[in-house]
Structures are given as structure tokens and as C-alpha cells.
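Down below are the structures I want you to see.
Two complexes follow with subunit A in common, the first pairing it with subunit B and the second with subunit C.
For the complex of A and B:
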């Protein structure tokens, strides 16, 4: 087999796995958008915040240490214990649930029935607030996140492909675990929204507030639930990206990559977020591989947006978005 | 105010002409007044609803009928007056709390979950019959699965009852108006309500659809013993269906009694024929 083709295959595989990471972030957006019609600009920052909190808890850091030290003239930074990864993750989930409750209680409860643009603006405010909070709580240094996920080249794939083609593919174990986790998360979420009481209530609230009230659904409860799930998705995305490239401010910028994914997949579809992520992951990897060298490279920075633009022109509701049926 | 305070309904129920037994008072509105700023939508209205009866609220446009229904279902909160339910004074409640007390409703302008299928819409009506905890639900543990099956069965029964089996899996957004009205009734029924509030269930329907809907309303009352409060414009339908009728005009109650009594009430006749208001 020609080398070019083998490389293309390797690039595609890596692109697919990258796409899964994009999909993970996009998923958080879709969840909130579906259930409350809010486009949550803060999703990326939520991922950063979740990852920061996780690292902080793991290392046994004192939250708001800088603030405390500045006020009381103390010099404390660590509690002096380390929390095992699993326990730290569970604690972080708890933090995200409290965060979800606070968001609902202090922001969106007061904005019920407002225009989407106002809700969107509120999430921008939330993003900056959360960014500052996470700095204040845990500091702004780049942190290493290690929850015990396997890292580095996968020897099995390397060997198998070497025996098969005479060329070993480089596939990162972390990407593989990300793919597995994302698949589980998505399958779980789809099943949850389709077949459970809360899932049905979530879809009902997304569809019609008044009707939801009339069948006995408590709107606040559903919204807290939705924000919690989005927080969970943010945590998973934060763990994956954080393990890959360290927990740092730029983590919140991956949210931007989710935008083209959403435009492709449709803002209202969970499977759409996945497929959209995969298309963008593979698309940009292959594009960079084939066309990139001809035009000076770095095409990953803009390819996804151009693709999204094309979609906006020809299929504005995305691949899987709900087409609004209007009767006249 | 008015001399007609339901003489046909003694304290412990009565038997209707067609042989149904009507029970005691299940809900009572006492001196309800509802204002929107300076506009008085409901002015000092009292009436009762008895167990198992079909109670109609009629009146010309803007009489305050829908407002009254919204007071009962907790969407509006009256400035004055009390709502008594099952012999107890009801504190001010949010609509979802009212729904959880066994009061289901439909809307004048149909409020369905358009993106969901008919079956899913009906299943939302069962939400309050599911008691499995959020964790059980999430992991499909414990009674979550058994509950889902039982509720699904109930939903299917309602769907059969209202003869909408053939559209079970159709997204509601694609259905014609008449069927949407029926799906909305199905969702309300799925909650197995004590009291069913129907806001103009036959508005905008053709004759055939009206006949179907009338039949369903009677069947529901007959089969499940559900107390029904309905608002309707079509006088013929109202007179045929209901046991007792409240007549409203400009936010006031101008009549209350059996259809025959109401029909012969001069004030009611005036309101409907449009005699000028002093």
C-alpha cells in the first residue's frame, strides 16, 4: 500500500478521535439549548472550571487560598492530603450540581420568559464571572491533570498495523479512552432523555412551558437538572482535554470549536453533536494533511468555520436539527 | 345577587335524568375576584363543582370564563376569594402543584409538546404517577423499569379509549387541529385526574369532530367517573352535555343551574341576545 494512503488512514483515525473531543463539548451546549432554549456561552468556561476544581480537589488545594492569605496574612495553600481520582471526580460532580442550582436560582429564575438574546447575554456574563471565580478559587497556573487515564501510543494498534501494512499507526491511548467515555456518555444521555421520567420532563419543558406546568412539571427543578447534566458533560470534556493538554485558560476556548460542530449537527440533536464533531475532526485533519502543505498549513484554525459557513448557507438547521413544521 | 343557586343540587348529591349519581361538593369557588391592573376579569363569583358531574361555564366573549379556569388550575391567582378543594381551603398554588393534586386541563389554543410523538405526549401526563427516584431512573434500577411498563400500559389504554392508536408514533406537530385537541385530552386523561378542566374543547371543529369530542367527554365522565369542568361557546353542545351550567357575563355570574333553568333565565337570554347593559 502506498505510504500516502497509510498516512491518510492514520490521519483519519486521529481526526475521528479528535472529533469525539469536539463532540463532548458540543454535547453540553445541546443539552442546555434543547431544554431551555439558552445558548450557553459559558459551556467552555464550565469545562475549565470543572477541570480546575477536579485538580484542586485531587491535590488537596485550599480553595480561595490567595484571597484568604491576602486578607488574613496567612500562608496556606494545601490541606496536606491528596484525594483519590474517583472520589475527586464525585466531589467535582457535586460542585457542578451546586453550581447548576446557583445558576438557576440567581440568574435564570429571574429571566423566565425573556428573549433568547437576553438569556444569551446572561450566559456571557456568567462565562466571565465563572472565569474569574475559577482563577480566584484555584489560581491561574497551568496544572497537570491525571485521573489515571492511559496515555501515550497504543502498542496493540501500533503492532497490528505494522504487521498488516508495514507501518505502525500512532494512536494515543488517551484519545481512545475519550472516544469510549464519550460513546458511553452519549448513549446514556440519549437513553435518559428518551425513556425516563426526568428525560421526558426535560423534553416537555423544552417544547412548551405552559403545557409542562399543566401536567405537573416543576420548571425550576428541570432546569437545575439540565444545568447539572451540562456541568457533567463539561466535567468529562474538561477531564479529557485537561489530561491531553493541561488544565489552563485556553481550555475554555475549545468551546469555540464546538460552534461549527453545532452548526453541522444541529443545535437540538444529541446524535447531531456527535456526527458533527466527527465530521469536523476528520475533515480538518484530512484537509490539513492533503491541502495544508500547499497553502502553508495551519488550516485547522479555520477549516471548521468555513465548513460551518457552507452548512449555514445550504442547511441552516444542521444535519439533524429539528425542522420546524409550520401549518398555515 | 342571583336567585338561582342551583336548586337542583341538594347537599349530598343527586341523580341525573340519565341515571348517573352525582356526589357531594369536590371543589368550591368562594367570592373569587380577579383583577388585571384596573380591569376586573372576575367579580365576586361563587359556585361549586360536584363529584362526577359535568359542569359547564358559558358566556359571551370576554366574560372571564378562561380566567376562571386559570384560577382553578393555578395559572392566575385571584386577589380576593377562596378556592376550596376536597373540603379544605387551598393555599395559593403554582400550576404544577395544582396538577399534582389531581387537576388536569387542556388549553383553548392547544398546548402540546409539538416535537414529541403522541405516545410521548400522553406519557408526560403520567409523570406524576412515577415515583422512582432520580438515581433509579438514571440507572434504570429498582422500580424504574416496572413503573415505566405500568405507565406505558395505562397510556396505551387511554390512547385506545380515544381512538388514536393509528397516530401513536406521529410527532404531534404533524397532526391536524381536531386530532391535536384529542391528543391534548388524552394527555390530561393520562394523569387520571380527579377534575378535568376543558377550555373550549370543541372550538374550531367541524360538526363531525364536535360529535366525536362530545362523545368522548361523556364517555370519560361515564367510564372513569371524572368530574369535568368545561368551557364552551356552542350552546347546543353545552346544553346536551352538562349537568349544571354557570353563566358568566362581563366577569359576573348571571346564572347557575341545570341547562333548562339557565335557558329560561331572562338575564342569560339578554346577555346572549345582546341587550344593552344599562
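For the complex of A and C:
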């Protein structure tokens, strides 16, 4: 097989796995938009906050230590214990649930019935607030994240492809882990929304708020639930991305990668987020591989948006989005 | 009404800058995507001035007043910081960002306030004939590119023909800076140059490292900053690239760059414009600043790579103040006098030793024409737990960098109608 073809196959496989990472970020957006019509600008910062909280709990850091020390003249930074990864993850999920409740109680409860643009603006404010809170709580230095996920080339795939083609493919173990986690997360979300009482309430609210209210579903409760699930998705995305780079501010910028995925997959479809992520992942990887070297490279960021825009021309609601029907 | 008038007068008095202060603004970034680099630099920069105030009563008997202004590494905010602090009597600005530097060059020149852009900013500002108020000693980006190639030549017995260097660069003005120098050097020494761009901020580099894995260059040289560095180092480990053949510039060789990868990154090398390791001055800072509760940060960055660089930058500013005080015979100097001090600055080994920082930088002398220093830099290596110094200061190839500096600065002078300040007088 020609080298170019082998390399293209390797690039495609890596692109698919990158796409899963993008889909992980997009999932949080979809959950909230589907249930409440809010485009949550703060989703990226939620990933940063969740990952920072996870590392903080793991390391036994005292939250708001700088603030406490500055006010009281103390010098405390650590509690003196370390928390195992799994327990820290569970505690972080608890923090994200409290966060979801606070967001609902102090922001969106007061904005029920407002225009979508007002709700969107509120999430911009929330993003900045959360960014500052994260800094105050845990500091702005890079934190090392280790929850035991394997990284580096997968030797089995390397060897198998070498035996088959005479060229060993590079597939990162972390990307494989991300794909497994994403599959479990999506399967769990689907099962939850299809087979549980709360899940059905979520779907009812997503379909029609007024109708859901009329049959006794508590909107506030469902929205807290949805923001909690988005917080869980943010935590998973934060773990996956943070395992490579450490947990740092730039994690909040990964939300930018979710936008073309959402434009392509639709804002209201969980399968759309997955398929959109895969198409963007493969598309940008193949474009960078084939055309990138001719035009100076670093095409990934803008090409993802171009690809999404092309799709928008033909399907404004995205691949899996709900068709916009306006009755006159 | 009387109370109101009293309050207004009291407020106006409080707002008046204190007399006889040496004002040094610190355009820091403790927030935002690049905070991990900004925090230790700012800590080192401020702590050194605090040391001088606490131990020596300032410089020449005049205390230093540092005004910290948060830029978040954002150019607009950097310019706002400049505008809001220059009226305080600012003596010199260290913008700590190439983007901010480019915006401040015309403003600071018009205002008569010198800029010190140490190892960043506009490289051709080394030509003092054109850039009267900009100083980028002790080294600039083109020097860095040349020093790396010189070091590799040394390791390859002077022959790199047929070898390949891949430049992995941040796709920005900063990242593209070394390209021209490396292209010239590749023609001169016969090595192949492969250019691989990474989009900002650099969180994703999977495709770039697949390309490196396919092309198998002999060396990868990195011009990165922020998250790009940490991800690149991890990706290099992932594809099993020989880490000793992976070399970062001096903005890609800090403690936080290798912290996530840890021992797996052992062997990774990076350039540095100053020496690392323990120095007597650290004990002084510990005693007079950190233990006294006066540190700019929490004190944990003392001795870190970027803390040391920030401290070195502060020391160079303090020494220029001393020179200015000597030249003009006054202790409370103006920005114009500060510029004169910077232009007459001479760093010697004896002086660095006296300051408790033996050999922290190369010896150099600034002149009207040369604002760039010698351009020498050292090679450091991450051994899995700490950065160690590999070489002494290595010189760049001035025959390559100097014509580029002259050409670029001449173009700037023509575009901006600048009369050369040294050669025309």
C-alpha cells in the first residue's frame, strides 16, 4: 500500500478520536440547550472549573487559600491529606450539582420567560464570574492532573498495523480512553432520559415547557438536573483534555471547538453532537494532512468553521437538529 | 459642604504621586491563559525591588515604587496599563508581551519613556540608531535561533548538512520570528528546515506530531508559549521522539512546561538567557522579602526558571537606574535620564557577583547603536526533576543576525520617518 494512503488512514483514525474529544465538549451544550433553550457560553469555563476542583480536592488544597491568607494573615494552603482519584471525582460531581443549583436559584429562576438573547448574555456573565471564582478558589497556576488514564502510543495497534501494512499506526491511549468514556456517557444519558422518571421529565420539558408545567413537572428541578448533567459532561471533558496539558485556563477555550460541532450536528441532538464531532475531527485532520502543507499549515481551527458553514447552507438546523417550522 | 471640600482636598493629596520615588510599572499577567508564565516572572521582578527597598533603602537612597497592572497578556489591556501608569512618572516599562511591545514602541518613544523587552518584542529594536527608546538586551529571538543552530553544529562536529530541523512554532508574529534566521542558516549550513505551525493557543497538536512522526526530523525546535509547550512535550513523549533532540526557546523551558509530563520529559532541552540554580541573592530575598511577608506572591516561586528571569530583568533595570544616577548626579531620575542609564549600562562578572548573582547573565555593554547585548544564551536540560545547565553562554552568529537587524530596522526607519539618533549626530 502506498505510504500516502497509509498515512491518510492513520490521520483519519486519529481524526475520529479527536472528534470524540470535541463531542465531549459539545454534549454539555446540547443538554442545556435542548432542555431550556439556553446557549450556555459558560460550558468551557465549567470544564476548567470542574477540572480545577477535581485537582484541588485530590491534592487536598484549601479553597480560597489566597483570599483567606490575605484577610486573616494566615499561611495555609493544604489540608494535609490526599484524596483518591475516584473519590475526588465523586466529590467534584457533588460540587457541580451544587453549582447547578446555585445557577438555577440565583440566575435563571429570575429570568424565566426572557428572550433567548437575554439568557445567552446571562451565561456570558456567568462565564466571567466562574472564571474569576475558579482563580480565587484554586489559583491560576497549571495543576497536574493524574486520574490514572494511560497515555502514549498503543502498542497493540502499533504492532498489528505494522504486521498488516509494514507501518505502525499511532493511536494515543488517552484518545481510546476518551472514546470509551464518551460511549459510556452517551449510553448512560440515553438510558437515563428514556427509562427513568426524571429523564422523561427532562424530555417533556425539552419538548414543551408549558405543557410540562401543566402536567405538574417542576421546571426548576429539571433545569437543576440538566445543569448538573452538563456539569458532569464538563468534568469528563476537563479530565480528558487536562490529562494532556495539565489543568489550566486554556481548558476554557476548548468550548470554541464545540461550536462548529454544534452548528453541524444541531444544538438539540445528542447523536448529532457525536456525529458532528466525528465529521469535524476527520474533516479537519484530512484537510490539514492534504492541503495544510501547501498553505502554511495550522488549518484546524478555521477549517472546522468553514466545514460547519458549508453544512449550514444546506441544513440550517444542522444534521440532526429539529426542523424550524414557523406558522403564519 | 466644608466636610465635602475637606474630603476633596484629602483625596487630591492622596492621589498625588509621592515625591522622590523611582516608579517602575509591572505589566503583569496573573490571570488568563498565560498566567502560569506571568506569575513567577512578576514575583521575581517585584521581589527584587522590594529587596532593594528593604535592605538598601532603595536605589541611591530613593525607594522604588512598583505599580502592578494586570494585562492578562491582552494587548489592549497592556496599552491601557501603560496609559494609566505613565503619568505616575514611570521610568521604564517591561511589557512582557510581543503584542503589547509593538503597540507601545511608538507611544513610549513619543512620551520619552524607555522600554525593556528582554528576549521578546521587536527583534530589530536591537538597533539603537533607529529605536532610540527600545532596548532588548541581553538577547533577542534571532540570536536564540542562531544559538540553537550553533549548539547543534557543535554537537555535530560542525556539519549539519543533510540533517533536518523541524521548527514547531506558535502561529503568531512571535512564533514566526525565527523563520527568516533559520532559513538563512539552513542555506548556510546545508540542513533542511521543515516549518510546522500550531494554531493558538496550542491545545491540539495531534496532526502536527503525526507529521513529525512521519517526517522523522533529526531535531525539533519549538517556539511556543503557554499551553502549546505542555501539549507539545506530552505529544513528543507519546510518539517517542528522542527528547534530547527536542529543543525549546527560552519561553518554552520553564518549570510548569514540564511539570505535567514530569520524569517522562527527561532529556528535553531549552534555551535560557540567564543562568539557573542557587544564588546568594535568593537567601537575601528569603530573609528580607518572603520571611518579612512582603513577597509579591506566596514565595513558592523563589528560584524557579521564570522567577529568576524576572529577578534578572529587575536587576538590569536597577543597575540602569544606578548608572543614570551617576551620569546625571541626581538620585530622583526622570525617564529621559533612565534612557541614558540604559544606553550606558555595562554588566560585568564582577558586578553580578557583587549583587549576589554570579554569572547570571553574559557580560555585555549597551551603546547608542547597540541596544541588544551580546545575544548569548545557555542550553538547559530537564533531568526529570529539575532544570540543569548544560553549557556555558553560547554566542550567536552575528554575521547572520546583524544584517537582518539592520535591514528590518532600516525599513522601520523609512516607514516611520525616523532620523538615526547615533550615526546622524
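What we mean here is this: the second predicted complex is superposed on the first by the 323 of 328 C-alpha atoms of A that agree within 3 Å, B and C clash if a C-alpha of one lies under 4 Å from a C-alpha of the other, contacts with A are read in each partner's own complex, and residues count from 1 in each chain.
Keep in mind that, in the parts below, a contact is a pair of C-beta atoms (placed from the backbone, for glycine too) under 8 Å apart; a residue touches a chain by one contact, two chains touch by 3 or more.
Given the structure is predicted, the values throughout are model-derived calculations rather than measurements.
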Fit-or-clash call for subunit B and subunit C when the two complexes are aligned on subunit A: fit
Partner chain in contact with A:248 - subunit B first, subunit C second, else both or neither: second
Partner chain in contact with A:218 - subunit B first, subunit C second, else both or neither: first
Subunit B versus subunit C as contact partner of A:210, first or second or both or neither: first
After superposition on chain A, the shortest CA separation from subunit B to subunit C (Å): 34
Residues of subunit B touching subunit A in the complex: 73, 75, 94-97, 99-100, 104-105, 107, 111-116, 120, 123-125, 127-128, 130, 132, 134, 137-138, 140, 144, 148, 171, 173-174, 187-188, 191
Subunit A-facing residues of subunit C, complex: 30-36, 39, 171, 195-199, 201-204, 206-208, 210-211, 213-214, 226-227, 230-231, 234-235, 237-240, 256, 259-260, 262, 298
Subunit B partner contacts - residues on subunit A that touch it in the complex: 191-192, 195-201, 203-204, 206-208, 210-219, 225, 322, 325
Subunit A - residues contacting subunit C, complex: 7, 10-11, 14, 18, 66, 69, 77, 135, 140-142, 144-145, 151-153, 170, 172, 241, 244-246, 248-251, 253-254, 257, 284-285, 288-289, 292, 296-298, 300-301
